[in-house]
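Going in written order, the chains are labelled A, B and C, and every chain counts its residues from 1.
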């Protein structure tokens, strides 16, 4: 199992070579001797190649939030086992570009839609954005009702895209 | 504990000569090992890729925890058999860490011949499961095998230690509370079907994983029924209809993820609290072993120099240093674990045999595991020694060695000849693990000795036929006999036959022993029923 | 001394807590209304009484006049402090409270209505002889005429670029820049329709836009009889017409200019008979001209910088005045001391178009120290959603000099630890570190003009490696595995024989 972490959309392999009180890691071709002394659930002293830093850590699922040397990092741990299945799905899923609120739903479940058709009006940061279909298909689900809040990345509309293969 | 004072001079020309010789030997071993593990016909790899299968060693790396070791057994098993067509005996076995648990892994190597079971595959798997039984280790089976290799079925099927033993060992393990998990990546047909069926947990992969007693062609032939693989034994069927398997996985990666989660639920039982200190690297560089092992098996070396390059801090508390000096005994730590070490510094005499017997009894009383470093030509022969009772003293050594309760580990560092093999815990004597260095040999007697004996017999036969071979012909006969003998006694030959648990690069000895000792502590031991006799 | 028996806080977040502190100081019993999503916030937990209100959306609850008035009656609150935003400049709210005999802590309803109507307030200011930017009201007749460009040309001093604003807007809402005549028609129509949609008032006006002007505002305080000023704040560092960093005093004004602009501000407030705290906003051009922009009839987000340099409590003053007392401060006694900078801590990806970020506050460590004030409604487990403004807290630093205030602010931004939601702290530090900011060379285009220099710094490779190492080691999954791994496997490490 190869641990991998994502920072700013770039995947980095973190390869432990030796565990124990001091851990030896290989990161992007460099060797680091690292120690963590936990002070409480969120605070630790981090010693890397002999130099110490105060480290603050919190974890939410696969997302790690770190703060040291005056900088905050958001790091995702990549599940080596995920993404193995269910590939190809998601072509007809329209994800929220940013968090916001649904102002208006202009399509309903079961509707046939064409590329470019407006499906939803969302509002975020006092700006309204029209959510348009990028594919032709049938709406499988509308993710949110009018007035509902959604987070960035939430599936706003799920469109079933017919298979491109013909039956003949 | 005092540090061993090495007498090796690394600038010495002899050291340099040995180092060159052994480096070549190791390079050769590494090449053979690499080929056995990875060299496969392109079409075999392609076939697996097309089936959306991972290579068995890729599965293994996914399964194992990051930053942890894997002690592989018998990587050159079947290496000299079947004209080299079943490298590694078509399976991968070893001890590793999955989800923080020490587990034994038994994986088919479907990258060769569909992972078919050859006679030595069965021997290797049975041995792996024996290791699990002896050390109370849970087992993960990675199943992807074409089944028994029919042309050789008579050598793998019916006997006590043949294929049935795999399943018998599975049953024993379950009974002992050693969990087993099967990850069904490929077909498990006929007997192979029992591996997942006898496992306490199982995961089966959609599409490629299948479990059935008879595959579709056999069903068609037997009953005329037309049935697909999926209907007969596919992932959906077994996880929703028959209940033969527990978890459905959409693909191999998911199966491994589920498998890891299952293993993480397993209880972690306390291990035997063997006396342990903080591990310390050997003071002397283990790589110097290459310059210590001579280039000729007949040349003697000081086993203390080997011990100094295996044990923590090169520290060794030698027992009776001035008595029975051909037998080196003493206490040391390996990866922190307290062990008693017995190493040969020459032929076993009466006194060295008695010293060994007494030392083993001491270790047994103290619950200290034993490590045997074999370089033994045998027990001393001749009138004087027989009259002193060398056979009786050798028997004492065997009686104690065979009787101790503590775990034993053996390393073939050079020669292992005659009854010395027995006294020093050879294969028959239940070492928890036994490894060989590439230079080592195992035989009833040394090769020169044996070649001379065999050549004498052959020459006598010729003479009986009225022939009188010339000196040149005599030498030719002797050379042929010697070459043939050495071929069958080399580490590659004995490891091919699973007389050991694999060939080791000498520098890996410390880690192999550390893992072996750690694994052994899962099985309880102790409770001597005799006092220590001073023989 | 006149005082309220109980004051209800009709707001949330940091300003609710700020008002609560003032009430505590004045020893006035407090009450607060809250939407369920704010139940665990510090102000709700610390107020003497708290009543849940509901709404179609969380912000809808805080805008529900009838509900809030009814809570006031139920609790017997004599006054309401509206904070900023929500109902703080809502004349209908003020009127409903008055009808129920409850005091509104803010100016009189006339001032709210006057200043809330941007067109009317401009005219009012102009009539009293104070400078306003050249502008034209886009009423029906201009639209009907069909040639807005010609109408624009007819106004002296009105030249491109222009900005179209909604009369009922404010605070950056409903504003659009118009760079050329051909954009004019559609921009005006869109603005009018948006204004109708957002504010129910389609009236818009065009005003000269000064791309490189400074935003300078003057804090005024009135009690209906007397009006004083508390100097200016410079709020030029803005993104999307919204302020990010504010400071007092402005590095751009000399004493004469300061007196001039402050006198204009007090003049406007006096003309409006202003009572309570208010802010008169100006555009200050590089040529040294200034124009009235609008007047905010509420306590301003950035009020702490004024409080820190003048050593006053504006909220307490608001409450006293609303209770009928006279100002406790005198203009002559108002002496500026040092420099104060406020950084608005927002949940946003500042390096990526300032898009809002959401998340849950998992860990919080506030900066502290001499001259440092951290006004925050943050709390552990707080769910940061898109329902409310992304501003979560304000970091205010007061120091003897501007340079020291900048340095301490940068240090304090690094000391603030909020884990679980992305904040703009690093961006704020980048702005403060910029040489143009250090030299006081700031205008409302700062964020755009220096966009490249303010872009995310390339990640330091060594720091990245340390971060990855820390991530791996602190990952719960890793810790679980490491804890379970028996010896000597870890110590042997990755090894294959």
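Assume contacts are C-beta pairs under 8 Å (C-beta built on N, C-alpha and C of every residue); 3 or more make two chains touch, one makes a residue touch a chain.
Values in this document were obtained by computation on a predicted structure and should not be read as measured data.
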| item | value |
| --- | --- |
| Per-chain CA centroid nearest to the all-protein CA mean | A |
| Pair joined by the larger number of C-beta contacts - A-C, A-B | A-C |
| Inter-chain centre distance, chain B versus chain C - centres from mean C-alpha coordinates, in Å | 73 |
| For chain A paired with chain C, centre-to-centre distance based on mean C-alpha positions, whole Å | 31 |
| Whole-Å separation of chain centres (CA-atom averages), chain A against chain B | 46 |
| In chain B, residues with contacts to at least two other chains | 65-68 |
| For chain A, residues contacting two or more additional chains | 3, 15-19, 23 |
| Touching two or more other chains - residues of chain C | 482, 485, 489-494 |
| Chain A residues within the chain C interface of the complex | 3, 5, 7-8, 12, 14-20, 23-25, 27-28, 30, 32, 34, 36, 42, 44, 46, 48, 53, 55-60, 64-75, 77, 97-101, 124-126, 147, 149-152 |
| Residues of chain A defined as touching chain B within the complex | 1-3, 15-19, 23, 79-82, 84-86 |
| Residue numbers on chain C that touch chain B, as the complex places them | 480-497 |
| In the complex with chain A, residue positions of chain C that touch it | 56-57, 172-173, 240, 354-360, 362-363, 365, 385-387, 390, 413-415, 417-420, 422-423, 425-426, 429, 459, 461, 463-478, 482, 485, 489-494 |
| Touch list for chain B against partner chain A, complex | 61-68, 250-254, 256-257, 260 |
